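Two complexes, one shared chain (chain A), two partners (chain B, chain C).
After this line comes the complex of A and B, so read on.
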C-alpha cells in the first residue's frame, strides 16, 4: 500500500497550499470595540409599522426609541421619549414629548414626528403589516376599512396640540394603551421618511443609540454608535455589524471559531454540547413566546360540548415535562397558563392557572376523551410546517405521548405542510380539520397581548375562529379598568374562560438563547429574545 | 457553422418558454404567496387584497404569465417581497455563484483530468487502486457531510480558514467551498477520464504516433488526451448548469449568498418572482453551456463538422 500514502501526502500538500490562500482572503468585521452578530434577512422593508418579525425588530430596537421602552430585565414599560401621558377617562390621552430629543440627522423629535408616523402606519394605502396596532384609535375604520377604498388619509383620533404635545382618542376605553407604546410600530419618523422614502429605505434614519453606517440588503448591516444620542441608554460599544446567515448552524460554528461574536439562536442540534463548547458563554432566558395547539372552531365537529372534554383530555395526555427535557433540553418549560413568565406575577402571569388540565394524567385523559365521544373524526392530525424550526420532532413526540396515553398507536399523527407559506395559506382558508401548531410571540409585555389578539371574537390572530361572549365581555371590562391590578385580575378571569373551554392547548414557554465569544461581556436577551446590544461591552 | 448555431439558438426559444411556464405553474401550485408574505400573523383582509392587486396576483394565471414574460423581455424580472427588484438580487448573487462555479470547474478540470490521466496510464498500479478507492469514498459520501466535516476541521479545529465566507466572497475564500462543491463531479471526471484513456491507449493512432518516434509527452497530450476528452467535456459542460443551480447545500453550509441562497429563500417565502427569475436565468445558462459543449466537439475532433 505504498501508492495511497504517496497520493495522500500529495493531496495534503495541495490542500495546505490552498488553505494558505484561503487564509489570506478573509478579513475581520469586528474592529476595535465593534461586535459582529448573526442576523437573518428581514422579510419586509425596514419600516417600523411594517416589521413584525425578530430580525427586522433587532435593527429597529437599535435605531429607534419610542415614547416608552420595555426594561430589558423586568419587561416593565418605562417612559423614554414620553415626559407625561395623562388621561381623565382611559379613552383620551394627552402625550407630552420630552424636549431635547433628535433624530440622528439632527432633526428634532416633535409631536408631529409621532402623529405623521402613526397616520402612515395606519393607512391602508401603505400596506403596513402592523396597521392593526392603530386599530384602537378613533377613525381607523376610515383610513383602513375592512374592504373597499379608504375614505380618509389621517386618523381623526390623533391631534397635534403643540410642538411637543398631541392627543390620542381611542374608540373604546383601554387603560393599558400607554404601556403598548413601547412597540416598534409606534416609533417616531423623521421628515426624510416621507420626502425621500426610497433613500430612507436604503439607509434608515432613527433616533436610537445607533445609526446605520451601511446596509447591503441580504448580506450585512453595519451600525455605529451615535455619539450625539441624548437618551439615558447610550451604546457601550463602538458599533454592531449584523451578518446574514442562512443557517444558524454556520453562525454557531463561526462563533466557535471566533469568527463571529454573537449568535442569538443556538440551533437545537447543538444544545447538547453548547455548555462545554462555549465554556459558560451561553445564555438561556425566558422570552415572551408561548407555543400552543389551536383548534378549528369553524369545523362543527370541534365546536361541541363533547369536543371541549376531548380537548382537555388531549391536554392531559401530553407529557410536557418529558418533551421539553429530551427534545428542547430545557430551552422550553412546560406551560401552566396562557401567558408567559416574562410578565411577572404582577403583570398577570399565574403559574398553575391551567391546573390539572395541564398535568400529565393518562388515565384522566382516557376518561375525558371517552366521555367526550372520542376524537372527532376518529383520528387526531396535528398540522405543522416542516420547513422551519424543529417542529416535526416535537409534533411526533406529542403524538407519541397521546398514543401512549390512549393505548392506541394510531390515535394521533403529524400532518406536515411543505412550506410555512402554504401552512399559513391553509390556515387562512380555514382548511384545518384538527389541531394545528400555533405560536405567539408577544408584541408588548401585557397580559392583554396574550389573550385579546388570539381569543377575542374575530381578532387579528384568532386563526381558529374561537368565540365566547363571556370572554369578550371580560376583556372589554379589563381594558376599561383603570386600576392596573384590577385590570390584570379581570384578564385572568378571561383566561380562566379560555381554560375551561380549552380554547387552545398550551404546550410550553419558549426561552431565548444566545452564545458569544470571550471578547464580549454583559450580554443579555430582552423579553423579546433580542440581544440588548447597547449594553454589551467589547474587549 | 453559423447556420448550425443559429438553428440551435432558435431551438432554445421553445425550450425556454416551456421551462419557464412549467416553473411558473409549479411555483403557483404551492399556494398563495400573500400568506407567506404576511408571516406568522395573517394580514388583515384589506391589506392582503391590496397586496394581491399590487403584485398582480388577482389576475388569472395565464395573464400573470403573459405579463411576466412581457416584462422579462424588457429586462424587468419583477420585485421581490422585501421591495428589492429581482434584477438587483441577481446582480448580487450571480457573480458570487459564478466565482464558486469557476473554482469548482477548475478543480474538476485540473485535478480530475490529471488524476484520470495518471490512473488511466497505470491501470492496476497501486496509484490507480488508491485513487479509485478515494473516488468511491467521495462519491458515496453526501456533499453536506464533506462540507460540514471540512468546515469543522479546517475552520474550527485547525483554524486554517474562516468557517463561513464573507459577503464579498473573493476567490481565496471560495477555494474550500469550491472543492466541496466539485468533489463528487471531480470523482466522476477522474473515473471518466481514466476509462477513456485506458481504452484509447491501445488505439491504432497511439501506436502509430509512438512508432513514428514522437516523445511520450506529446503522444499523451496531443493524441491520446485530445481524443479521450470528448465524453469528459460533455460531462463538465452539463455540470456547469448543475453546479450553478445545485449549490444550495454548499452555499448554506458556508453561508455564501449566491444563487442557491436566493432560491432557497425565495422558495421558503413563496416569492414567485424571485424563484421564476433565477430559474429562468439558470435555464438560459444550461442551454448556452450545452451549445458550447457541442461546439467544443468540433475543436477537439476535426472529423466532427456542423452544417
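After this line comes the complex of A and C, so read on.
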C-alpha cells in the first residue's frame, strides 16, 4: 500500500490557514459511548478491491472481516472466517469457511461470497485498483490482460466446491499466500453488492463489528456498533464518528481542546510537547512502514555503474540518527534494512543488513560520489508531496545533511509537489529526474510484501522501474519454497541484491503515533498504524 | 538644444508655469537666446518647479527621512549581505534546531538549525529585487499602454479599458496559485512576470486619466497647431506633466509587491528553495511557533518593516508631488 498519508488531506491544504475552522469539523458528534476520531476523506468509493489507501482502509477494517485477520499486537495472520486453509503443494489451496457468519443484512457468508467478490475484484471490466492482488490466481491473465480485451469473466483458478468450501489454484507456488488473505481486497461481499451496486456504495454492507450509519463526503462518517456481530472481536464502544481533517495540526489542537477524542497522526512539529500536552495519553508504537528514497531508473543518468556508487554515497551522507531524533523525536527509527521490525527476525527483518552503506560517514560519502562521477545532473532534487505528513521537514533535513557532508550548500534541494494526487501522477508519468519520496506501508506482514511489489521487474509499485534479473530469480525461488524459514532466507538474499545496488535508499522505520482525550481507554494502534477501534472503551 | 535651460525642472514639472515655458521654448528659440535674461522664473534667477518644491518638502518630512533611511539600509544589505551577516544562509546544522540566540546568531536558529539572522538578512535581497523590478515593469508597461490609449482615444482606448477591467476581476492570490503552480523555475522572474501581468492595469488606468487631463491643456493644443508630431507632444509635453501620479502609485505599490511576493512564497508558489525569502521562512517556521517563535517573528518583523517603509515613502512622495491633496 503506497504511502502512509494520503491525498484526502489535500483538499484544504493550500488554504489551510484561511480555512482551518471550515475544515476542522467540531464538537457535538460523539454521543454516549461514541468516540470521534480524525480521518481523511477516502480517495475512492469504499469497495474492498478498490481501496488501496489508508483512510478508506480504516473503514473497511471496521465493516469487514476476511478469512484471516492480523493480530493487532503481533501482526501475525490468524484465522477469522477461515476454519482451515490446507494445501498439499503450496499451489492449490482448499479453503473452508466457518459456519454461522452473516452479513449485517442477515445474509450468510458462504464460499460463494468470497469467490464472487474475488472474481469481481480481478475483472478488468470493474477496473479495481487492487486487482493485482489476484494476480497469482490461475486465469488472471484472461480476466485482466495487460492489453486488449478480457477473454474470460471469472478466474479459472477459483472453484466453489461446497456451501462453505472453495479451492484456489495459483499460477506458481506461493507458500505465503494464506497469510495475505487478511488484506481488505480479499473481503467477502453480499449479494446486494452485485444486485444493487449503487445502493451498496451509498451504504456499504459488510460483516464486521461496525455498520455505516451515515456518510457525508468531505466531512464525516458515522459508524455504529453492529449488535448482531457473530465474531470474537465485537466493538466495546457504541460507535465511531470519523471526522475529516485536512491538517493533522488542526486535529491535534482539537484533541487538546476536547473537540475530538482521538488523533491518529501526531504532527512532527508537535512531538516536542505531546507528552506534557496530553499527560501520557499518547502512544508511539512500531508500524510496518518504511520510508525510502526511490530513484528513476528510466532516466539513463541514474542507471549507470557510477550512479550506483553515487546512491550508496548519498545514503552515507544522510545523518539518520540526528534527523529521527530532532525532527521526529524518536517516532522514527533509523533503517538498517529494507523491511520493518514488525516482521520480527523470524519473519525476515534483519537489523544491520544494510551495513556500512546506512551509516553516517561524510568522508566515505564524498569519496563514493566523487568516484561515481558526481551527482547526475549536478544537483540533487528530492521530489515529495507537501500536503501530508511532515515531509517538508525531513526532506529539508536530508538535503541539509547531504549538503553538509559534501561541503556544498546547493548540492541538494527539496522539490515540493502541491498535492499527493499530483505527486503520484507525476511519478506514474515517469517525470522524476532525481530521487523521490517513497513510503511503503505493508499490506500484510510478510517480507515478500516489502520486496516484490517494489523491486520486482514491472511490479505494481516499482515506480522507479528498477530491474535486476538476479533479484527476480531469487524472489521466484523464495515464493516457490514451501519451508517458511528457507523462503525468508531466499528473500533476504534478494534483499542483499537491493542493497548492493542501492536500488532505494532506506531512511527510517516509521512508528504509528496517536493522542487521545481522557474519555478513552484501551487505545492501541495495530502494526498498520491504524487504531484498533473495536477495543477502545469510552467513558 | 533650445530647451536646455529648463529641462531639469521641466522633466517633472506640473502645470502652469512649466507648461508655459515648454511652449515658449519650442517656438521662441531666437528670442530667448538673444538677451539671455531669465524668462519667467522667479527673481532669484533659479526657477522653482514642482520638482524642487517637492524635494524641499520631502527633506523636511520626518516620515520620508525615516522610511528613506530604512530603505537605504535595505538596499545596502541587499547588495552586500555578507557585510553584516556571517556564514551562508543555506548552511544549517540540525543539531542546533530551534535553539535560541547564540554567538553569531542573535536571532537564534529555526527548525532546520539554520541561522535566522543570516537568513533574514539575505531575505532582504529577494524582497527588494522583486519589489523594484516588478514596480519598474508595471510602471513602464502600464504608463506606455495607458498613455497611448489616453492620448489617441478611440477604439484602442476602449479595448484597453475593457482589458484592464478583465484584469481587475482576477483575484491576485488565486491567480498566483493557478498561474505560478505550473512554473518549475527557481528564479525570481516568474514571480516578477506575474506581478507585472496583474499589476499593469492599475498604473495604466492612472496614466490614461492623467494623459487625458494633460492633453486638454493649451500648451498641447498650441504645440499641435505648430505642427509638432504625436511622439514629440507625448514625450516632450505630456509625459513630464502626467508622470507624477504614476510615480506616487508605483511607490506605494512597491510595498505591496514585496508583501505579495512573501504571500506567494508562503503558499509555496512564489520563490522556491534554495532561494532565500522571508515568505519561505515564515511558512517553514509557522508549525514550530509554539517552541521556536523567534524563527517566525524575525522574518515576519523584517517583512512588516520593509513593507511599511515603502508605503510610508509612497505616502510622503504623494504629499509632496500632489499638492491638491493637502
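Everything that follows uses one rule, which is that the second predicted complex is superposed on the first by the 511 of 539 C-alpha atoms of A that agree within 3 Å, B and C clash if a C-alpha of one lies under 4 Å from a C-alpha of the other, contacts with A are read in each partner's own complex, and residues count from 1 in each chain.
Here, a contact is a pair of C-beta atoms (placed from the backbone, for glycine too) under 8 Å apart; a residue touches a chain by one contact, two chains touch by 3 or more.
Predicted model, so just to flag it, every value in this text is computed and none were measured.
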- Counting only touches as set out at the top, which of chain B and chain C does A:106 meet: first, second, both, neither? neither
- Go through the superposed model and pick first if A:269 touches only chain B, second if only chain C, both, or neither. second
- Touch count on chain A, higher of chain B and chain C: B
- Query: Taking the superposition as given, does A:418 touch the first partner, chain B, the second, chain C, both, or neither?
  - Reply: both
- Is A:393 touching the first partner chain B, the second partner chain C, both, or neither of them? second
- Message: Contacts for A:319 in the overlay, against chain B (first) and chain C (second): which applies, first, second, both or neither?
- Response: second
- Message: Taking the superposition on A as described, I'd like to know which of chain B and chain C A:259 touches: first, second, both or neither.
- Response: first
- Task: For A:52, select first, second, both or neither according to whether it touches chain B, chain C, the two together, or no partner.
- Result: first
- Task: Take the contacts of chain A with chain B and those with chain C, and give the residues found in both.
- Result: 14, 418
- Message: If we count contacts the way the header does, which residues on chain A are in touch with chain C in the complex?
- Response: 14, 249, 267, 269-270, 272-273, 319, 322-323, 326-327, 386, 392-393, 396-397, 400-401, 403-404, 409-410, 413-416, 418
- Note on the structure: Counting only contacts in the complex, chain A reaches chain B at residues 1-4, 6-8, 14, 18-19, 21-27, 29, 41-45, 52-53, 124-125, 127-129, 131-132, 144-148, 201, 216-220, 243-247, 250-251, 253-254, 256-257, 259-260, 387-388, 418-422, 424-429, 439, 441, 460-461, 463
- Name, in rising order, each residue of chain C that touches chain A in their complex. 88, 90-95, 97-98, 111-114, 177, 181, 186, 267-268, 272-274, 284, 287-288, 290-291
- Query: Which positions of chain B touch chain A when the two form their complex?
  - Reply: 30-33, 35-47, 49-51, 54, 81-84, 88-89, 92, 111, 125-131, 133-134, 151-152, 154-156, 159-164, 166-167, 170-173, 175-176, 179, 251-255, 257, 261-262, 264-265, 267-270
